[in-house]
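Starting off with a structure, shown below.
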Amino acid sequence: MSAAAQTVATDTAEFIAEPYQPEGDTVIDCDVKKIFYGDFLAVRDSVVPVEKNKITAFIGPSGCGKSTVLRSLNRMNDLIPVFRFEGTVNYHGQDIYAPNVDPVVVRRYIGMVFQQPNPFSMSIYDNVAFGLKLNKFKGNYDEKVQKALERAALWKEVKDKLKNSGLSLSGGQQQRLCIARAIATEPDVLLMDEPCSALDPIATRQVEELMLELRERFTVGLVTHNMQQATRVGDTTAFFSVDISKGGRTGYLVEMGPTKQVFEDPQQDLTKEYVRGEFS
Amino acid sequence: MSDVDLTATADEGLVRPNLQRQMFEGRAIKNNLLTVLTWIIAILAAIPLISVIYMLLMRGGTRLFGAGFVEVLTALPPAGFEMGGGIGPAIVGTLTMVAIATLISVPFGIMAAIYLAILGPTSKLATISRFLAKVLTGFPSILAGVFVYAVMVVNFGYSPWAGGIALSVLMLPTVVLAAEEAIAQVPQRMKDAAFGIGCTRTQVIWKVVLPTGLPGILTGVMLAIAGAAGESAPLLFTALFSNYYIESLSAANNPTASLSILIYNFSGMPFENQIELAWTASLVLVLIVLVFNILARLFGQPKV
Amino acid sequence: MATKPFQQAGSSSTITRPPSGGERATDSMFRGIAYACAGLIVLLVIAILWQLSKEALPAIAEYGLGFWYGTTWDVNKEIFGVLPEIWGTLYSSLLALLLGGIFGIAIAIFLTQDFIHHKLALVFRTIVELLAAIPSVVYGLWGIYVLIPIIRPIAEWLHETLAWFPLFSTDLSGPGLAPAALVLAIMILPTVAAISVDAFRRIPYKVKEAAYGMGTTKWEAILKVMLPTASSGILAALVLGFGRALGETMALAMLIGNANQISLSLFAPANTLASLLASSFPEAGAVEVQALMYAALVLLLITFIVNVLGLAVQQYTVRKFEGKK
């Protein structure tokens, strides 16, 4: 099978990755047929299951569509007027692209942490409590805020200055604040789009440790441009690529599997090249 | 979508979330109501404009676009019960005074902008002038008239010069701020290139900065002119009003007509003819203002 | 001469030469003129303040602070007080701010928060700019012949049914506060809208993303995130719009009725400082001119304070966003 797949891989315009069938339960079953921005076909034919309580890492070169696919999982791309999605994203068996689904509700269950830390221009406390208020939570706010900040490993640093502006924190702290804000409402899934790209190595390590802890409670989808990060935290890895040499600009899934397998025994030549290129 | 899936996840203790759009849920209702309200407000805001334009065309347009348009544009204003008449002196007066104001405010304004944007952008003088220029843009225009009255009219009487200078006081800050912005947007690399081949600062400004920033500067100047042409309060007691054409720019005590003061004076008259002329003058004034606004947009468009 | 060594270093084949004496002289002269022109703005403001103060001095000496709270303007008895004008100025401007503020902010939201296709947004933006381009005196004319006839029956009905309510305690006989404030609202709407649009535009895209990422509806994002984030810019827009309303002259002189009285009624004629100047100045005698100069100074002070306040808030906003990006 692997030899056959490799011969197909040389012609990338036709290539469709073998769907990965995870052993555990999945929370999101994403089957992308086509994603367009206007007339531009950004991503095609990619089946990406996201497993429950695991970290699914999305890797690949720039422009391969990994962020686009991740942002399709909670309909963040709907903010872009020319965005068009063909395919299905089944979240607990419901297609979130079905016509009567409210994207606002989807985003409440599937939270998101962005590339750039983006706290609101309000106090640390209000940032974390934002989602709770939004969901009309009736209960002990202080407790929930503290719990979220503790989970985000930020509580010790900010417990004495909860009234300060969220913007007064350092970059790494801001990103952990955004994580706390995202998990305060206890969403089901947390999507993280290159959450460490604006952070220094120390802050990056803190956030990575945090992800491993969050896995206990949440399901995580992680886009990263950093392959080491994928090996450090990813349980499953999806490798996307875009074949620029042939003039194509459309990204697609090349290979998906347990992280160890993708990195140590990749089935596709493209994956092999990419993984080696980064390591040697 | 089918109910069968539900059990699969429910077994694991996960409540399957309802993602359906809830049209009549509180949040959705609130969201839609606010959107409708915003649309209503936006459309309501357009009504006065449409009404003004309609009135200008219906009541002012009959004369301007009718057979007697030459008379309207050239004749002297009618007195009392007289029929006919025109707004010739007012058109000439407005254009003259705006020209005077432009000739004064543009050179001073651009030179000041050069200082603010290039020569000493962070100096104390620049900080203060910039701030005062901004304060002056919000300055009641009638006070410019009061000021010029006290300085000039008391000594030399009413004149187109007094009117023009009062208008230039209002134009100056607009020109300064627009020109500063246009000049500041000239890329540093262009200036560096000119300095790099040994230009003096004056040469950099004349040969690189002003030509590059010219479209932006002209946009600012055109907008300032459009604003000045429509002004009336500063002319009330500097140019006063006259029923006749300007005969000389050098005569002492030389009251001068303007479109805006003509509109003001005629608006309160009990004669239908004068009221109609006020509408005609309004249409002409709005057209003049529009021409300069359109020019401002044309200059503002980046060159392809 | 410091340039000598360079001249020697350059062989006869080079065309490089140091700037000539003339070029250097032009350079320093040019810079001198630019400096003087920048100084001219400062001098102009000082001159205005000084001139108005000087002209008003006799009136200040004569009437003192009583001028501020006097309620009579009687040329024959030489009694001058501007409290009704201050009241009329503030009351009409506040009413205009209330209406123009709500409309201006709503339109800024409408234009910046993806309600309409950008081509349609351009249409509405042009409408707002055209509203700003129409001269004050034309609004005055429109107010007399269109607005007043429209609101008169409404005013009559309100007065007849709700006469006990202070805002409707008089009838609208023609010109009055309501038409003046309405026109004023239309005139400040573009100012408020334009500055608010800037405030919304300055919010980084990632903030909007964060809001939607939390699962907000469009209006939850606007009301709970965008509006608070833009709040200081919007405040600046309101203050500067208020400043504009305070100094607006012609439309008010034509519509407000020029009556020196203090009334809460929306339909009563009133007066403002600027329209007092406009209507009284051309025919004033020497004593009244002094009093009018004093009134001009009062207007200058009020608008100066409001504008400086507005600019301060605006600069704070710009710094807040550019400092912490």
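For clarity, chains are labelled A, B and C in written order, and residue numbers in each chain start from 1.
The criterion applied here is as follows: a contact is a pair of C-beta atoms (placed from the backbone, for glycine too) under 8 Å apart; a residue touches a chain by one contact, two chains touch by 3 or more.
In this text the structure is predicted, and so the values were computed from the model without any measurement.
Novice: Return the chains common to the contact lists of chain A and chain C.
Specialist: Shared contacts of chain A and chain C: B.
Novice: With contacts counted as defined, which of the two, A-B or B-C, has more C-beta pairs across the interface?
Specialist: Per the contact counts, B-C leads.
Novice: Which whole number of Å gives the spacing of the CA centres of chain A and chain B?
Specialist: Here chain A and chain B have centroids separated by 50 Å.
Novice: Using mean CA coordinates as chain centres, what's the gap between chain B and chain C in Å?
Specialist: 13
Novice: If a residue has to touch 2 or more other chains to count, which residues of chain A qualify?
Specialist: Within chain A, the residues that touch at least two other chains are 104-106, 109.
Novice: Could you tell me which residues belong to chain B and also touch two or more other chains?
Specialist: 27-28
Novice: Would you mind listing the residues of chain C that make contact with two or more other chains?
Specialist: 217, 220
Novice: Name, in rising order, each residue of chain A that touches chain C in their complex.
Specialist: Going by the criterion above, the answer is residues 74, 76, 79, 81, 104-109, 111-112, 114, 116, 118-122, 130-131, 133-135, 167, 178, 181-182, 185.
Novice: Which residues, counting only chain B, touch chain A once they are in their complex?
Specialist: Within the complex, chain B contacts chain A at residues 1-2, 5-6, 8-9, 12, 14, 16-22, 27-28.
Novice: If you look only at chain B, which of its residues touch chain C in the complex?
Specialist: Those residues of chain B that touch chain C are 27-28, 30-31, 34-35, 37-39, 41-42, 44-46, 48-49, 51-52, 55-56, 59, 108-109, 111-112, 114-116, 119-120, 125-126, 128-129, 131-136, 138-143, 145-147, 149-151, 169, 172-173, 176, 198, 200-203, 205, 226, 229-233, 236-237, 240, 260, 263-264, 267-268, 275, 278-279, 282, 285-286, 289-290, 293.
Novice: Give the list of chain C residues in touch with chain A in this complex.
Specialist: Chain C residues touching chain A: 114, 204, 206-217, 220, 224-225, 228-229, 320, 324.
Novice: Which of the residues in chain A end up touching chain B in this complex?
Specialist: 25, 91-96, 98, 100-102, 104-106, 109, 188
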